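The following pair of complexes shares a single chain, chain A, combined with chain B in the former and chain C in the latter.
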Partner chain A sequence: MSLTLLQVVVSGLLLGAVYALFSSGLTLIWGMMNVVNFAHGDFVMLGMYTAVVVWTAMGGGPWASVPVAAILIATLGVASYFLLVRHIMKGPMLAQILGTFGLALFLRYSAFNVFGANFRTLPDTLVGGSFVLGGIRFEGARVLAGAVGLIVTLALHFMLTRTMLGARMLAVSEDATAAQLMGIRPQRMQALAWALAGGATGIAGAVIATFFYTSPTVGETLAIVAFVTVSFGGFGSVLGALVAGLIIGVVESTSAYLIGPVYKDVIVYVLFVLVLWFRPQGLMGKT
Partner chain B sequence: MSTRRALQLVLALIAVLVLVYPLLTSGSPVYSRLGALVLLAAIGASAWNIVGGYAGQVSVGHAVFFGFGAYSAVVVYTHLEWPPIAGAPIGMALSVLLAAVIGVPTLRLSGHYFSMATIAVAELVRVLSSTSEFLGGAQGLSGPPVPRGALDLSFISATPYYYIFLIVLAGLLGLTWWIERGRMGFYLRAIKDSERAARSLGVSAGNYKLQAYMLSAAFTSLAGSLYLTMFGFVDPESGFGILISVKMVVMAALGGAGQLLGPLIGAAILVPLEELSNSLLGGKGAGLTFVVYGAIIVIIARFLPSGLLSLVERRPTAPNSAAPKSTGKPVSGHAD
Partner chain C sequence: MLRISRRVLVAGAPLAVLGVADESFAQDVVKIGAVYPLSGNSASAGNYSKMAMEVGADVINNGNAELAKILPLAKGGGVPGLKGAKIELIFADNQGTPAAGQNQTLRLISEEKVAAIIGAYQSGITVTASAMAERYGIPFVTPESVASNLTERGFKWFFRVTPVAIDFAKAYSMFLKEQKAAGRKVDSVALVHENTEYGNSVSSVIAEVFAKDGLNITQKISYSANSTDVQPQVLQLKEKNPDVAIFISYTSDAILYTKTMKELNWKPAIMIADDAGFNDPSFVKTMSSLVEGLISRSAFAVGKPGTVPYIFNELFKKKADVDLDDVSARALEGFLVLADAINRAGSTEPAKIQAALKATNLPADQMVTGYDGVKFDDKGQNVLASSLITQMRGGQYVAIWPKARATADVILPYKGW
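And now, the complex of A and B:
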């Protein structure tokens, strides 16, 4: 493997860890309550704008913007749950999709009106430069983003599979009534899932903003990546999202290098359709 | 009895009003154009309604068929110098084909997969179209600048468009009505209520959903071709943009998805609203329009999941509706 290709694979892995992070919120909600949050990409977008605002208005770096974004988007998630999702999840399928989709449009174009259509970028100096290790060049912002992505996704996975709280949440997702009989409050667990998903999504947005352009419609692109990641990984599986995210990151960066950057999105969409054809339950999904 | 008579009278009155609308507005180009726009939007939303409303498979990527229709029409003009409307059958054929390609794998899965796949395919086609030289790239393509003959369907007044759209809409609604009352309509309703139950009774759910999707795709494509004859221009955003898909869904849902006249009612409310907010707010309107759209959608989903028609039409069935809230709808949480 040539050094350039290795470089491409490494940056793909770093990107993939971030994909995994912002997809884990989507897969958590989907697995917990069988609701697809079509506003998920716009949650990421708001996380990115939070980072932009924290930096421009308050001069804060990632140490300030990541927690602020986590708290803000977690709050947004809980609010969406109590005001909207809790009510529509019992209704017909159309109402579920419309509800979160309407929320997506509302958030996207509110951001459009507040921040304008222009692309914003954070300065390179915010997360210091780059370094070379073993002939491969690492950019600070991407390493930070990749590391945060990996750590937070794994933390989420272990929380769900290894703690009492995670067991309670899984119980609610399997059978809310039975869980209630065991003394678990389903609504509290579901609200918690929205808080966790929102927090992870906010963190993802804040770290993505350090190396990616921020615009009101960026959520649309990111949402599709998240859909692909989640259906590839298997809905409800955070570990699946991690593996799928890493694969997609590598596929995207190598196809951008080998075929051309315009076609990297095309490759991801084609991958999505192929997954739906051949393995609809995903890599680690329940059948 | 008397309420029914009154309802029939109102409907007849509305039908007459729809027929003579261009005569009433002949003095004002703005209003006659508005009438044509409402009908065009109603064609798209009614086409969506077949798969989204009746079959309950929520496509959020119908723009791909709309764009196929619009681009087929303009491509036959640009590359072959045919009248644009001659591209309509090509667009419809391509759309039916694509619907089969998307539908066969995804309609087997739970509805969420179908929705996501439709979004992804529409976005994929939009990205591809903006890089395609053949389709005019990001600039798009224009139809004939001056009409070369009657077949170009290029008119200055909106009235001819109004009647063309009205005929197509009437045909589509007639077809929908026929489906609704026939075997397929019953099967689709059964699938929508509980696919598992329908399957266990021997309904080949996948087939009927696919048929509904393909039929819906064909008419959405026709709406796209008609759009091109009126506007004479299409680019990736106005053909394949996600907002095109969203509008179809929202109009049908606002009026009442799975109801014959739901999409028409939705279009009659939302198109004037959009035009009004665009003209009041000027260039800045587009963003705010979609904030309002988003808010309306959330409110419909939260408080009126069955659309406006559910307020009027309380289904005059048996009078012994003792149980006030027994909608009989099971919690639709079955994933598989």
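And now, the complex of A and C:
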């Protein structure tokens, strides 16, 4: 394998970890309550703006903006749950789709109003420069984002599958009434799911902002990737999102490099359709 | 039911416009529709263009003493040819998609009853929006869309003020040949372009012109402007390492390329960016320190105090906090050309505006841009449009070519960051 191809694969893996990072919140909410959050991309967008504001207001890098974004977007998640999602869940499926879609538009155009249409970027020196390891170039910001992606998704996965809290949340998602009979408060668990998803999404936004551009519509671009990653990996499975994110990242990079950038989406979607053909529930989704 | 009401709409719209026209002496506003990307990935460019046109409308409606010495329409009090009717700009958001551009154009025509339309920034959207205007017989002026086929469709209501791909391609080619004569290496050229109407058509025109002029295009990379990642493209470039790289990109992708090239530490000796994204004020504001020495094109240079571009730039700065750039200056130019035609038409009737546009003959000293004037050929193309080659120096573009209009010398190789 040539050195350039190796660089392409490494770039793809790092990109994939980021895809997993900003998809984990989406898959978590689906897994917990069977609601597709169409405002997910715009949650990421607000996390990115948080990083931009933290930097412009006080010159803080990701160490400052990641916790701020996590708390802010987690709060936004909980608020969305209590003010909107809790109510629309009682309605038909269509109400849920349109409800969170409306939230997406509200957030997007509020961002237009507050921040304007300008593209913002953070200085590339914020996370430190790049380094060369075995002939492969690593960019500080991307390595950080990739590492955060791995840590956050693995931590979420661990929490859901290995802790009492995770067991309670899964119990609510499987049968809210039965869980209630066992002394678990479904609403509290669901609000917690939104807080966790919001927190992860806020973290995602804050680290992505260090190497990506921020604009009010950036959520649209990212949301498409998130939806593909989540359904590829299996709706509801955080680990699935991680594996799918890594696969998509590498397939995108290598096909763009070997065949041509315009074809990378074709390859990814063909793979996507094939996976859904043989495993409609996604790589790691439950049937 | 829907079908019937649409038919009624189709039949009714031109009549309604005519109806308004008959009472032109009584009306106090003339509506101009503007279809621009106010959201979506090119929203930043669209919003600056919007502000530039609003400055233009304000000058015509409320006057500007300094400009009135040069521009007949700047005396204030609206459009004289329409008994002082004020210009009302009605903006519609094309959302960065050809379908929305088309729907919004239909809405402007059938519901807002605009007298003419201006738009739509992205060539791919101008294609669909202008087709709608053509069907209804409403004049459509594009100040900035450069895809060559736009004026090759035999449209009767379509007018383009901007210079086009072939003009830029020739300018780049002549510029590169001069660099070659000066001893710089230009043996291999890479063309990197986004894959909608704009990128495809400009890149193919450049390829044609370069082939004729003996410049070798060794690499062509087509990509989607909505990409989340451009690392593979930059690695392809790095591997082939061409002497010259030409980028035809919108804003979001321009930012990604700039950042990624630094990350992967690759730069060509000569880097050319075909305007668009690389000229967007929000790009220049945040990324200019990473593209020092970038070659671009522009129709706009601020010029000396007392000139039309200088005064308009001062007015624009007050509103937008940034200088006019190539895209917003051309949008303003397009608006002024349309306003001049409406004034001479003395009517809001589309056919009269169309006739007035055909008879447009504006001199160079009335230009906001560096055009030699405005005069349309049979296809609706401004034959007096021209373009400068610029270079990024310390946060702003300065004119470096042609020699006659240059304000600074060329500095190569490309420095980047």
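As a working rule, the second predicted complex is superposed on the first by the 266 of 287 C-alpha atoms of A that agree within 3 Å, B and C clash if a C-alpha of one lies under 4 Å from a C-alpha of the other, contacts with A are read in each partner's own complex, and residues count from 1 in each chain.
One rule holds for everything that comes next: a contact is a pair of C-beta atoms (placed from the backbone, for glycine too) under 8 Å apart; a residue touches a chain by one contact, two chains touch by 3 or more.
The structure presented is a predicted model; accordingly, all values stated were derived computationally and were not measured.
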item: Simultaneous placement of chain C and chain B on chain A, clash or fit; value: clash
item: Which superposed partner A:V262 touches (first chain B, second chain C, both, neither); value: both
item: Partner chain in contact with A:E139 - chain B first, chain C second, else both or neither; value: second
item: Touched partner set for A:L94, first chain B, second chain C, both or neither; value: first
item: Which of chain B and chain C A:N113 touches, first, second, both or neither; value: first
item: First (chain B), second (chain C), both or neither touched by A:L103; value: first
item: Chain B versus chain C as contact partner of A:W30, first or second or both or neither; value: first
item: Which of chain B and chain C A:T4 touches, first, second, both or neither; value: second
item: Chain B versus chain C as contact partner of A:Y213, first or second or both or neither; value: second
item: Stretch of chain B, among 81-89, 135-143 or 189-197, that runs into chain C once the two complexes are superposed; value: 135-143
item: Contact residues common to both interfaces of chain A (with chain B and with chain C); value: 108-109, 112, 220, 262, 265
item: In the complex, chain C residues that touch chain A; value: 38-41, 43-44, 46-47, 195, 221-224, 226-233, 235-236, 238-239, 251-252, 255-256, 259, 262-265, 280-283, 285-287, 290
item: Residue numbers on chain A that touch chain B, as the complex places them; value: 30, 34, 36, 38, 84, 87-99, 101-110, 112-113, 220, 224, 227-228, 231, 262, 265-266, 269-270, 272-273, 276-277, 280
item: Of chain A, residues touching chain C in the complex; value: 4, 7-8, 11, 15, 108-109, 112, 116-121, 124, 130, 137, 139, 142, 211-213, 215-218, 220-222, 225, 252-254, 256-257, 260-262, 264-265
item: Complex contacts: residues of chain B adjacent to chain A; value: 52-53, 56, 58, 60, 102, 105-106, 108-109, 111-113, 115-117, 119-121, 123-124, 127-128, 131, 242, 246, 249-250, 253, 257, 287-291, 293-302, 305-306, 329, 331-333, 335
